[in-house]
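What follows is a set of structures to go through.
Shared chain: chain A. Partners: chain B in the first complex, chain C in the second.
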Partner chain A sequence: MERVPILKIGGVLLVSIQIDLQDQSVLALQEDLAEKISTTGAHGVVIDISAVEIVDSFIGRMFATIASISRLFDADTVVVGMRPAVAITLVELGLTLGGVRTALNLERGMKILEQVRRDA
Partner chain B sequence: MPPRSDGPEELSITGDDDVVRVRQLVRTYAQQTKLSLVDQTKLVTAASELARNTLIYGGGGFARVEEVNDGRRAGVRASFHDEGPGIPDLTLALADGWSSGSGLGLGLSGARRLVDQFDLDTEVGRGTVVTVVKWKR
Partner chain C sequence: MTSDAGHAPRLIELLRTNTESLIDKWVDAVAVLLRGRSTKAELESDFKEFFAVLLPLVGTDGRDTSRPEFAEIRSLLEEYSRNRVRSGFTPSETASSLFSLKREVFGLTEGDEDPELFRQVLEFSSLLDALGLLTFEFYARAREEIIREQSEQLLELTTPVVKIWEGVLAVPLVGTLDSARTQVVMEKLLEMLVETGSEHAIIDITGVFAVDTQVAQHLLKTVVAARLMGAECIVSGIRPQIAQTIVALGIEFGDIVTKASLADALRHALRRDGVDVVRREVV
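Showing the complex of A and B:
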């Protein structure tokens, strides 16, 4: 099973998904992230899915789960870089992502996290 | 580009890494049939849901993928076979939000919306075969 690396940039954890995710990798990522947020005290998590070709219900649910876990550590989550074909497919599949915040790209995602931090 | 495949190809589904392999195989066929990028993505997403169902609810099985042609247009057909418990209540299983497992209940109903043809053949105690087709526009 391949693991998705988690990078720390200032107070933000960056997860850039570059592999074809199998379900075990998804579960491992959730655990690794919870661990990392708790040890680093990060205030934000950015999940970059610009290299992800498909998001099915299992992967989609991961975003909502990660956002919920992050929230328990007072951290915000933004999913960035969704491909147009993935967005169209998600809507047709009926997946709402459970109110997970999204942004067009990494830059805007980081801006949103800064904003949330300032307003807090 | 992966080598062109002729005729049906089968992959067994016994672990969650096989779900990834099924996605890749379906994408290869969708590309060689020249489905649009959106249609490729829809078909591969549907295949991912159905392969996971085969694994989790069917206790494993296999997928068969092939290029098809109805005389007017080309398409890709993918079928998912298991010898699991079968589906006792189809109406319920195809309803949005209903799940017998830990899923979101979008697998079957969601997959059906993503393809052009959807056939479900199931018998309690014998197993389930789900067949989907996506046609080139």
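Showing the complex of A and C:
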């Protein structure tokens, strides 16, 4: 099973998904991320899915789950770089990712986290 | 072949010997029918070719025109009908150019008392009927093709996505919204959002004259999909009647921003981006 790397940039954790996600790797990612947020005390999580072309309802739910987990550690989650086809699929599946912030690209995502941090 | 296995039926001989005059008369009759919209030269070359292909088929049963011996005449008729469609002839004009040949053949055999010949002419006439119906079929098919092509072109034409400010896209929708069109609009808009890195999109429905629940559903889907990608959509230009329909149908736009005009929507988008438009003091 491939594991998704989690990188730390300042107070932000960057998860860049570059592989076809299997259910197992999704579960592993959720565990790893929870572990990492608690040890680093990060205030934000960015999930970059610009390389993801195929999603199903399980992966769709992953975003919401990760957001809820991070929220417990008082960290915000931003999903960035979603492709049009993926967005359409999620809408057709009826998943609207309530509570998850989204941004067009990584740069904007970081900016949003910064802003939220400042406003808090 | 039906009869006279030994020698060629009399009708074929008659047609063969009178080819020239028959085609002349036929061309004349059809030229009158089409009221000069086709030149005689055009008709003549068409009919000569047609006659040459038709002649070996005389005496053949016209009930099943899908058989291989009809292949040549089918393609000829298809070409002919297609041209007629393009140049704006009606289907009956197209079919009756074939039927006119019947009258000329009847004229040719009129005085003859031979019952065998009469039978052959009858058979020939039913063959022409079958071929006439074929032109009708080809005509309809060609027309359907044209309609399909045009609706595809229309789909492409009527869904422009334009950038009206740095980071602001606009989609002016005009005409009727159906599932296919909204699908195209949605995909195009989302792709443009990524391409231009725009965070705002204005969907202007000033040119849309009817909104039903399905159309509203599509609009909502588009907005939600854009939101998933990190962009906000504003719906503008809702007509008064449409506003009433929307309320009457109980469609909820939820937290989607709606503005009266495209200008209002643009101002809203700019303000969200931190841009202020200020009038300069003009002396």
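Just so it is clear, the second predicted complex is superposed on the first by the 120 of 120 C-alpha atoms of A that agree within 3 Å, B and C clash if a C-alpha of one lies under 4 Å from a C-alpha of the other, contacts with A are read in each partner's own complex, and residues count from 1 in each chain.
Everything below uses one rule, namely that contacts are C-beta pairs under 8 Å (C-beta built on N, C-alpha and C of every residue); 3 or more make two chains touch, one makes a residue touch a chain.
It should be emphasised that the depicted structure is a prediction, and the values quoted were computed from it without experimental measurement.
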First (chain B), second (chain C), both or neither touched by A:E53: first
Which of chain B and chain C A:L97 touches, first, second, both or neither: second
Partner chain in contact with A:I88 - chain B first, chain C second, else both or neither: both
Chain B versus chain C as contact partner of A:S16, first or second or both or neither: neither
Touched partner set for A:T65, first chain B, second chain C, both or neither: neither
First, second, both or neither for A:R108, with chain B first and chain C second: second
Which of chain B and chain C A:Q24 touches, first, second, both or neither: first
Chain B versus chain C as contact partner of A:T77, first or second or both or neither: neither
Shared chain A contacts, counted only where both chain B and chain C touch the same residue: 83-84, 86, 88, 92
Interfacial residue positions of chain B with respect to chain A in the complex: 16-17, 19-20, 23-24, 27, 37-38, 40-42, 44-45, 48-49, 52, 96, 103-104, 106-107, 109-111, 113-114
Of chain A, residues touching chain C in the complex: 79-80, 82-84, 86-88, 90-92, 96-97, 101-105, 108-109
Chain B-touching residues of chain A, taken from the complex the two chains share: 1, 20-24, 53-58, 60-61, 83-86, 88-89, 92-95
Parts of chain C lying in touch with chain A, wherever the complex brings them together: 186-187, 190-191, 193-194, 197-199, 221, 224-231
